[in-house]
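To start, the structure itself, in structure tokens.
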Amino acid sequence: MNPTDPNAPLNWRPVRHLTIIAERLLKDRILNHLDKLGVSGYTVIESEGRGDRSFVVDEWQGDNIEIQVIARREVIDAVARKLRERYFAHHSIILYAQDVDVLRPEKYGAQ
Amino acid sequence: MNPDPQTGKLAASRRLPQAGDLAPHASALAPAPSPQPRFCFPPFRYRHATRPFAKPMFSADLLAANLLSPMVLAFALGMVAMSLRSDLEIPASMHSAMSIFLLLAIGLKGGKAIALSDPSTLVIPILVTIAAGIVVTLLAYAALRRLVGLSTVDAAAVAAHYGSVSAVTFIAARDVAERVLGPTEGLLVALVVALEIPAIVVGLWLGQRKGGGRLWVSLREVLTGRTMMLLGGGLLIGVLAGPERAARVEPLFVGLFDGVLMLFLLDLGMAAARRLRDVRRVGVRLVAFAMLMPVVAGTLGVFVAHGIGFSAASSAVFGAMLASASYIAAPAAVRLGLPEANPSLYLTAALGMTFPFNLAIGIPIYLAAARWLAS
Amino acid sequence: MNPDPQTGKLAASRRLPQAGDLAPHASALAPAPSPQPRFCFPPFRYRHATRPFAKPMFSADLLAANLLSPMVLAFALGMVAMSLRSDLEIPASMHSAMSIFLLLAIGLKGGKAIALSDPSTLVIPILVTIAAGIVVTLLAYAALRRLVGLSTVDAAAVAAHYGSVSAVTFIAARDVAERVLGPTEGLLVALVVALEIPAIVVGLWLGQRKGGGRLWVSLREVLTGRTMMLLGGGLLIGVLAGPERAARVEPLFVGLFDGVLMLFLLDLGMAAARRLRDVRRVGVRLVAFAMLMPVVAGTLGVFVAHGIGFSAASSAVFGAMLASASYIAAPAAVRLGLPEANPSLYLTAALGMTFPFNLAIGIPIYLAAARWLAS
Amino acid sequence: MNPDPQTGKLAASRRLPQAGDLAPHASALAPAPSPQPRFCFPPFRYRHATRPFAKPMFSADLLAANLLSPMVLAFALGMVAMSLRSDLEIPASMHSAMSIFLLLAIGLKGGKAIALSDPSTLVIPILVTIAAGIVVTLLAYAALRRLVGLSTVDAAAVAAHYGSVSAVTFIAARDVAERVLGPTEGLLVALVVALEIPAIVVGLWLGQRKGGGRLWVSLREVLTGRTMMLLGGGLLIGVLAGPERAARVEPLFVGLFDGVLMLFLLDLGMAAARRLRDVRRVGVRLVAFAMLMPVVAGTLGVFVAHGIGFSAASSAVFGAMLASASYIAAPAAVRLGLPEANPSLYLTAALGMTFPFNLAIGIPIYLAAARWLAS
Amino acid sequence: MNPTDPNAPLNWRPVRHLTIIAERLLKDRILNHLDKLGVSGYTVIESEGRGDRSFVVDEWQGDNIEIQVIARREVIDAVARKLRERYFAHHSIILYAQDVDVLRPEKYGAQ
Amino acid sequence: MNPTDPNAPLNWRPVRHLTIIAERLLKDRILNHLDKLGVSGYTVIESEGRGDRSFVVDEWQGDNIEIQVIARREVIDAVARKLRERYFAHHSIILYAQDVDVLRPEKYGAQ
């Protein structure tokens, strides 16, 4: 079935979606972790925020970044473990996960 | 604004359009139609340093003059706006753009100065600067451990800031010094670059001693960081392009420098006011440190600079450099290299207290010290 | 470039720092030391107002001249781009940056003018301006209630915009006036600041009378708002720093003013075109109001200004100020203070119709009125 | 800067870099011994083209001179920063702002030149330019199909880029040409605008032949696109406003042009380095194409320009225009019009390889060719 | 019941929420599709990202856009069909959908 | 159990996540409400959008803001009530809520 056929049924399939909000300084490091843990992609948004800690150390480049990652549950969990280990103790960072429906699960390493 | 006696002999009618025309203050000030000394970089000559100066100003006048510059007033406006909870906001990307501009402009100017000077004259000042940066870092560390009572990691983190340098404080000091004590050496910018890094390295080493071998990772991050790329890259471009080719980009990087600095200080005033809100949390002893450390380091700097033969004006600026605390390069490096340290401490001290202190009171003190020493 | 017959005789040594110093090309060119009048701030002298002017232009020429300025053309380009559905987009942060720049620059210029003038000469013009702002607001309110048929709240909201002032219209008018009728008084900028607020207060009061005591909350928001901080703060910095120190930031704030204004108007043209899409929704009577109100208020302003002794050029500019409708400060204040009012009405009228109307047709009318009155 | 044998009698060695060089428009007006040929727009005179030139430079010097301009050095700094994985980042909105500025500035300058020239002299050069753009596109297409072995769509996509023009390459070439070979014709900017579009149309047509009637949709998008709006709109504003009124915005658009270009090239260096990472994917034959195509098209351009009577300097610039590959207008148009084409191919070739190639090596080649032809 | 009464109960009602992340060049086209398919509104955020494809062709205006749409399930599905048909084959674009709770379902064409 | 131990189990716990999209002018007011209602933090993102109303009154600072808040359900509901009471009638604003999983529920006042 041609996926670009407008009448093909829509197969929404659940995958895991993780949002990471962290101080901007950590951007390169976190994206490196994501690459190493094998995610198929990510999206980064500039944001600003307040939390427990919220040290805006490098305010010259903007406050926080919000990173969104869609992947298989195990990959998301591996990312969460890594970030918890490295940054929860001393850095300004939060994570939250949810299930979302996508059309091409294979794109995100799920099926 | 440094009316330069050397160039002033051109008759006004013969005057070609000149950079001074873009820096109108200079010509406006000059009693005679002498054009623009401000951007001219005389060959380096720190050996025939102290020179008579026409109308010495008193420190009170100096203080007032300093406080009434548009830059300092913009800083105050930023602080006021923040404390009135105004909805005034400088977009983050505008702030980034301004800091890219300022760092590159400072670098270019330094590069031009170096291109015009004899390289051999640079060696001693650079070595002395590096040594001074390390000494100030260690001094600050000792004071923070013993007198302020911070933990090892926190003391190391704060010390890294005080050993390093604030480019904006440097600019502000040079500006006043040139108006009051005469021209400064162009190589000072190169010394800013040299002063930036060693303290951060020493600070990270002090704080990481017990931890592990993260030092090299941190070092790499500092050396390839934004600040070094722009300041060092600008320096290199200035040296390689040479003064003539660099002149083409000067309407932007020299002509607009003061104006952009004013906007930047508006933003910095808002940031400093935000920092000041944490002042209760940092303790009275750190507040005292943030006021006294600059005076100690600044005076030290003036003496050292005088010792290696700098002019009074350059000595005052060198003092201000040592007295200043970094709030752009150091915080980022320390946050990544010493995440256990409490950022409230170093941010509040460096940006919330020491920066305004130097801007308002410190710089006049270093100027006075330099003038006294030179007389 | 407008050579001014009066000021050209100043000896170079007497020259005060002048904006022309910032557009160095001009003075550099002149074979003799004749300065360029466009940015020059002569000491305030509104009592010897009407003055002969060398080559009077006819209104047709004037209209063409006005419409062919790069600023007005950029505005038109923005409208065209939007109506062609071009993907041209001015980033939001660039827009913020430009409006910060323009407000601060206007403030600084006014501050410099005030610093150079005798404070006692400011009192009457400021009081008259405040009164005129209130009168125009009430007049607009009455017309909007009776003739346009708006509800109390909507009428109050729109009236607040028409009683207040558009800084860009002011600049455009001053620019043309100076080219055609000669120099204007520096204190006009201070009057812009004075005209900004009263109408907003009156408008909020008119709209909130039945509601509750929100007026003071709204007032606080207006007074600590972005516009007041930058315009008023710039004014204060200009006064405190004084012309000499302020000259250092003028390559940015004066030299680039016209260019930035052109870019700003490109963006404003796009915004106005977006607003115009709603024009069908606002009704033909509001459209008529948006064209007639400026003519009424503008003529009134010209007469009042003439009455208190302003020169023809300054009177024309004062007319344009009263004729203009605010689209930066007022919309924000009204939206927060009178949320029940329909924003389509005031935004479409002020930015979509009255602003382009003044830019293209209104300003020449006020100039003609002022010239007629002065002759 | 550009010591001009005709105007300045100053010995080059005595001349300090001067700001007047940067705000040249005004002095261009001056009747008397005014220097700075660089921005002066002589009435169009391409018939008495080749002119003697004082101190010819050798190509080696030229290469060095070219590589040591602050712009090229900034480009290199960007590439270095990216390859060191520095955290240096130019905010997206700053990039947008700079490209808006540059396109509008180029347009304005071209408009001013056209306003000063006899319209009838424009017709032939414009027609020749359009023809040359189409020929280069077809040539590139044939080479990409036969020699590089790309698919129809990919070949069409890449060809559209090489037939179109890179405004930054144009600026860089004009700059060097004016320093080495003397002034260039102002109408060249109009030719940049004329060269922009035809290749894109031809490329889309080549790629869409089998598909369907999307061509007109794509064409509309190109014609109302950002690039055309700013370049074409700026041109129109320049023509309508005329040199005198346009002079008011020149402190921004002319004075700061080189500085902004330098910052833009810093960013472009980072983008090019990102593109270069894909170089392995595109195949060695496309790499060869990206180096040889510019030389072929550039030489062709020099000959054609010489043939229609351009001066050596203008011919060299015209060669660089044909040699350059678009990386702003074409990629967007091609991506939307030929989505099946692989963007890695055209982006890596145009921005990652051909742009730096022209900047470093190509421009000196076209200059040498033009000088050889003219001698 | 006055909806602005602070004591009125909160009637959270489920509706569908679609996130579209696409290369910036497609912005105007996608918003046009949304208008034609009758969504009641949308929100657009600038973002940057990496994926399978991730050609940043027009980097002069920023990388990607993230478009959020709340609507009835059928409308969301129609949007997904249209975007799949037009852009999945050759463009850098992802979609994901989820259920969210809103207070005024009628605002989004749901009830 | 040391939370930074990479092998510690991941205890994803559900909490409530609210998204507020509103005209930019309301930013300070809404953040004030959040502070008063005791949320532990928030994240703000610049956005642009279209809706029923979508008056971009203060376009000089950008169009809309998107505010994200994670908190206990009761806190989220209190926020929703307050915003409904104050702004639904006359302002350009939407809210939507969903459940997300977090690792440190106590950080958001939940457990």
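In order of appearance the chains are A, B, C, D, E and F, and numbering begins at 1 in each one.
By definition in this document, a residue touches a chain if its C-beta (ideal position, glycine included) is under 8 Å from a C-beta of that chain, and two chains touch if they have at least 3 such contacts.
Only a predicted model underlies this, so the values are computations on that prediction, with no experimental measurement involved.
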Partner chains shared by chain A and chain D (touch criterion as defined above): B, E
Centroid-based (C-alpha) most distant chain relative to chain B: E
Cα superposition angle of chain A on its copy chain E, in degrees to the nearest 5: 120
Which of D-E and A-F has more C-beta pairs touching across its chains: A-F
Most distant chain from chain F by Cα centroid: D
Chain B and chain F: spacing of chain centres that average the CA atoms, whole Å: 41
Distance from the mean Cα position of chain F to that of chain D, given in whole angstrom: 48
Contacts with 2+ other chains: residues of chain A: 45-46, 48, 61, 89, 98
Contacts with two or more other chains, residues of chain C listed in rising order: 22, 24-25, 28-29, 31, 85, 87, 89, 91-93, 96-97, 226, 255-256
Chain C residues touching chain F - in the complex, by the definition given at the top: 92-93, 95-96, 99, 226, 271, 328, 331-332, 335-336, 339-340, 343-344, 347
Interface residues, chain E side, partner chain D - complex: 23, 25, 29, 46, 48, 55, 57-63, 87, 89-91
In the complex, chain F residues that touch chain A: 3-6, 8, 10, 12, 15, 17, 40-46, 70, 98-104, 107
Chain C to chain B touching residues, read off their complex: 12-13, 15-18, 21-22, 24-25, 27-29, 31-33, 91-93, 96-97, 100-101, 104, 108, 221, 224-226, 229-230, 233, 236-237, 240-242, 244-253, 255-256
For the chain E and chain A complex, residues of the former touching the latter: 19, 21, 45-52, 54, 64, 66, 77, 80-82, 84-86, 88-89, 94-98
